[in-house]
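Both complexes below contain chain A, partnered by chain B and then by chain C.
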Partner chain A sequence: MSSSDQADAVMEIKNLSFFYGDKQVLKSVSLSLFGNGITAIMGPSGCGKSTLLRTLNRIYDLYPEQRAQGQVFFGGENILDPDVDTAWLRRRVGMVFQKPTPFPMSIFDNVAYGLKLYEKMPSSVLAERVEKALRNAALWDEVKDQLRASGQSLSGGQQQRLCIARALAVEPEILLLDEPTSALDPVSTARIEDLIETLKKNYTIVMVTHNLQQAARISDYAAFLYMGQLIEFDAAKKLFESPSHPKTVDYLKGRFG
Partner chain B sequence: MSSSRYKIRLFKDRLFSAFAVLSALIGLSFLLLILFQVCHEGLQALSFDTFTKTTPPPGEKGGLANAMVGSFLLSGLAMLLSVPLGVMAGVYLAEFGRNGKLAMVVAFLNDILLSAPSICFGLFVYEIIVLPTHGFSGYAGAVALAFIAIPVILQTTRDMLTLVPDPLREAASALGAPRWKVVFTVCFRVAKGGIMTGILLSFARIAGETAPLLFTALNNRFWNVSMAEPMPNLPMTIYQLALSPYPDWHELAWAGAMVITLTVLSINVLTRFLTRDPSVNRI
Partner chain C sequence: MNAFIRDVSFLSAMGVVVLTAAIVFVLGVAAAPAFKAFGWTFFVSDSWNPVKDVFGALPAIYGTLVTSFLALLFALPVGFGIAFFLVELSPPFLVKPLRVAIELLAGIPSIVFGFWGLFVLAPVFQKYIQPFLIDTLGSLPLIGPFFEGPAFGIGILTAGVVLAIMILPFLTAFLTEVFKTVSPLLKESAYALGATRWEVLKSIVTPSTRASIAGGIMLALGRALGETMAVTFVIGNFHRLKLSLLAPGTSISASIANEFNEATTDLHSASLLALGLILFVITFIVLACGKASVALLARRERR
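Here is the complex of A and B:
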């Protein structure tokens, strides 16, 4: 990427290294995330894709033996700085995991969970916000008559959209998706892909995927990670049509991964 | 060639199964015998008076009302002490300490406490409460019982929380929820069935304990609801009635034994029922 593009980067990752105990998993990764677009993160299994996502909202903080080095600039702050308020960060950087993780509570309460953390609001406003999030996640029509039913009673694809709705409800700026469709059937996958495409109008989306067709179909930017190193990062069209690094070529041809 | 070997194997297998079934039957039959005996004798002795009158003087008829109420108060206070402590310590081990040094040490000590003979707790409380306060009391008894319940509650809380999958914690944290909120609003919801079971089982356990009360709550023949006094309680009362030379007292002991056995039994059945309900203990 040329340096002029960096001006409108929503998030800038600089020389990011990551360690699980003594084991280094990311090696000086630098990359920028651009607004209102989908950045696909690709690479063979174990190359550090999930790890990269997990640094961007500092969720690795939960585990004392994990640590990150380098800088990640977002909203004028280096979010790796221990003084950064992680509640502030996580409100702005939402995350959806590979396997759906509905909380053991009603559909409504699942979506309201994040909202209640940050604001006290009258129940009518809360209901509106929940409805809006469910609509944004293309789930409203399917669940509007059973908002009190358990979130865990939904199908896998519905659960994943519930998790997306839950993340959207607090109106983040960036949405991190870690293989959001890998546990789902083709129909649910297509629905979620459509959903992600509509979401990019309002959100900066980073999506880890193993599915090259999926990445080619919906992403605007694409990054290729290999053994913890960023091999190539470019506009998706460019990376898929004329990759510049031989490793990327091999990966796209399916030689590994 | 293999058919003879196969037969030998089959024979061994059958022998082993038969042995296992036999052992189970022997164990079970003793249990049933005890239950039968207790109910048989207990039912004959049981009357309305058992629930309304207090422990009688030697040779007279009476009831166990004071002992039942006393036992209930002792166990109740013990639960009030042990549930918060046990649950919070379990939360610490499963959620915060995890594999830290302190957590390992606490978990190890807890294992020891779990298998410590209950009379030790009685002696310990005798030393730290009864002697300094110059008297047996309900408080001392409740503390001794609490010492027995805490390790059980701690262990189940920790085990149940450990079963909660990490992705669920991560998902709540990723929304910005602070650690304690994740535990109380998400993890507890998943684990509450199991934790309730632990609490009820520990209640059942302490309701029938005699040894820890021996040097702490002692016993009391009279009606008493003051925790500062020696406290009437069923296990000790049964023990004293049974050792007496009076047939009336023996009868009453059987009635008490039945009441206690059936109470403990029904708590156990209730917990089984609770844990079987799939909506309660869903993971």
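Here is the complex of A and C:
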């Protein structure tokens, strides 16, 4: 990437290495995430895609034996700095997991959960924010009459959109999606892909995916990780049409992973 | 051969049922004279006088229920805290020693708890804790009568504390296993929204495991209800109903353990056996409630 592009990077990852105990799974990865676009992270199973996402909101902090090295700049700060307020970070960097994870509470409370953590607001404002998030996640019409029903009573695809709504409710800047459609049927997958495409107008999206067609269809930037190393990172069109590294070529041809 | 195994296991299963029924039957027959002599006043009378051959179960029932309830009241928050610490917070190197410590606590014979309660805990209670409670809570309206003096050291409250320590290992082990069943992905989803450990415990872990927690509480209560030795040491063995938790009292199992050898009259031993029958019924009800609440909550969770 040329240096002029770097100016509007929302997040800049520099020489990031990651360790589970003694085991190093990311090796000096450097990459920039650009605003209002979708960055697809691809690579064979076990190459460190999820690990990369998990450093960007410091969720790995929960486990004492995991640690990251290097720098990740976001909002003028190196978020790997131990002094960084993780609540601040996680409010700005939302995450959706591989399997839907509705909380054991009503649909409304699921979406309101994050909001209630950060601010006290009158219930009418809360209701508005919940509705807005559900609309943004293209779920409102399906659930507006059953907001008090349990979030776990929804279908898998609906549950995943509920999780997206829950992440959107706190109005993050970056949305991390770790194979958000891998547990879903094709129809639900298509709906979520559409949703992700509309969301990119307002959010910086990073999506891990095993599905190359999906990545090619909706991403603006694409990164190829292999055994913890970033092999190639470029505009999606360029990377898919004329990859420059032989390993990327092999991967795209389906020779491994 | 298969038929043989089937028959044997069927017979053993039936054997358990028959054995239980037989015990209840014998207990009922042996206790009958007490119910015949006192009727329903047996349950509400608090006079227990072997000399005059007059017996009432109320103090023992009260002592059993209140000590068990207190035990749960004390053990539950502590067990909850330890279990959550073990599963969520503890650095890995601490997990093992803590678990071993808790297992050791479970292995201490109940008679040792009794000794400890009598010779270590009771003096401390008499000197510091009970006077403090009497001075502060004892003069309040409504709850005052539960904390009236004098400070004996032994008594219902002390028995409740000893019982709490005794059920703590079971409760902790149970809750630890229950907390471990919550999917890490679910917890991480809450952490990823910025939730703290406490918020995750409150709004994710506990609600997802309500049914199992309710079951564990009932099982722990069942254990506390029947515990004999330790309670006998520290409860005071006093057969008059006192509302105060600081006063000595008695429990069903403590009464039986203390008096059965010296039961002078037939009515005395019948009354003790009647107490045993009542304990059986109470424990049965608690376990049944436990099962029912587990089933109910599990169904609600699945919806």
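Points to keep in mind about this one:
Keep in mind that, in the parts below, the second predicted complex is superposed on the first by the 257 of 257 C-alpha atoms of A that agree within 3 Å, B and C clash if a C-alpha of one lies under 4 Å from a C-alpha of the other, contacts with A are read in each partner's own complex, and residues count from 1 in each chain.
Basically, a contact is a pair of C-beta atoms (placed from the backbone, for glycine too) under 8 Å apart; a residue touches a chain by one contact, two chains touch by 3 or more.
As the structure is a prediction and not an experimental result, all values here were calculated from the model.
Taken together in the superposed arrangement on chain A, chain B and chain C clash.
Legend: residue contacts after superposition of the two complexes on their common chain; A:153 is shown touching chain C, with no touch to chain B.
Of the two partner chains, neither chain B nor chain C is touched by A:24.
In the superposed model, A:94 lies in contact with both chain B and chain C. In the superposition on chain A, A:36 makes contact with neither chain B nor chain C. When the shared chain is aligned, no partner comes close enough to touch A:50: not chain B, not chain C. When the two complexes are laid over each other on chain A, chain A has residues 57, 59, 62, 86-87, 90-91, 94-95, 97, 99, 101, 103-105, 113-114, 117-118, 152, 163, 166-167, 170 in contact with both chain B and chain C. Chain A makes touch with chain B in their complex at residues 57, 59, 62, 86-91, 94-95, 97, 99, 101, 103-105, 113-114, 117-118, 152, 163, 166-167, 170.
Here chain A touches chain C in the complex through residues 57, 59, 62, 64-65, 86-87, 90-91, 94-95, 97-99, 101, 103-105, 113-114, 117-118, 150, 152-153, 163, 166-167, 170, going by the rule given at the top.
Put simply, chain B touches chain A in their complex at residues 165, 167-179, 181, 185-186, 189-190, 282. The touching residues of chain C, when paired with chain A in their complex, are 91-92, 183, 185-186, 188-196, 199, 203-204, 207-208, 301, 303.
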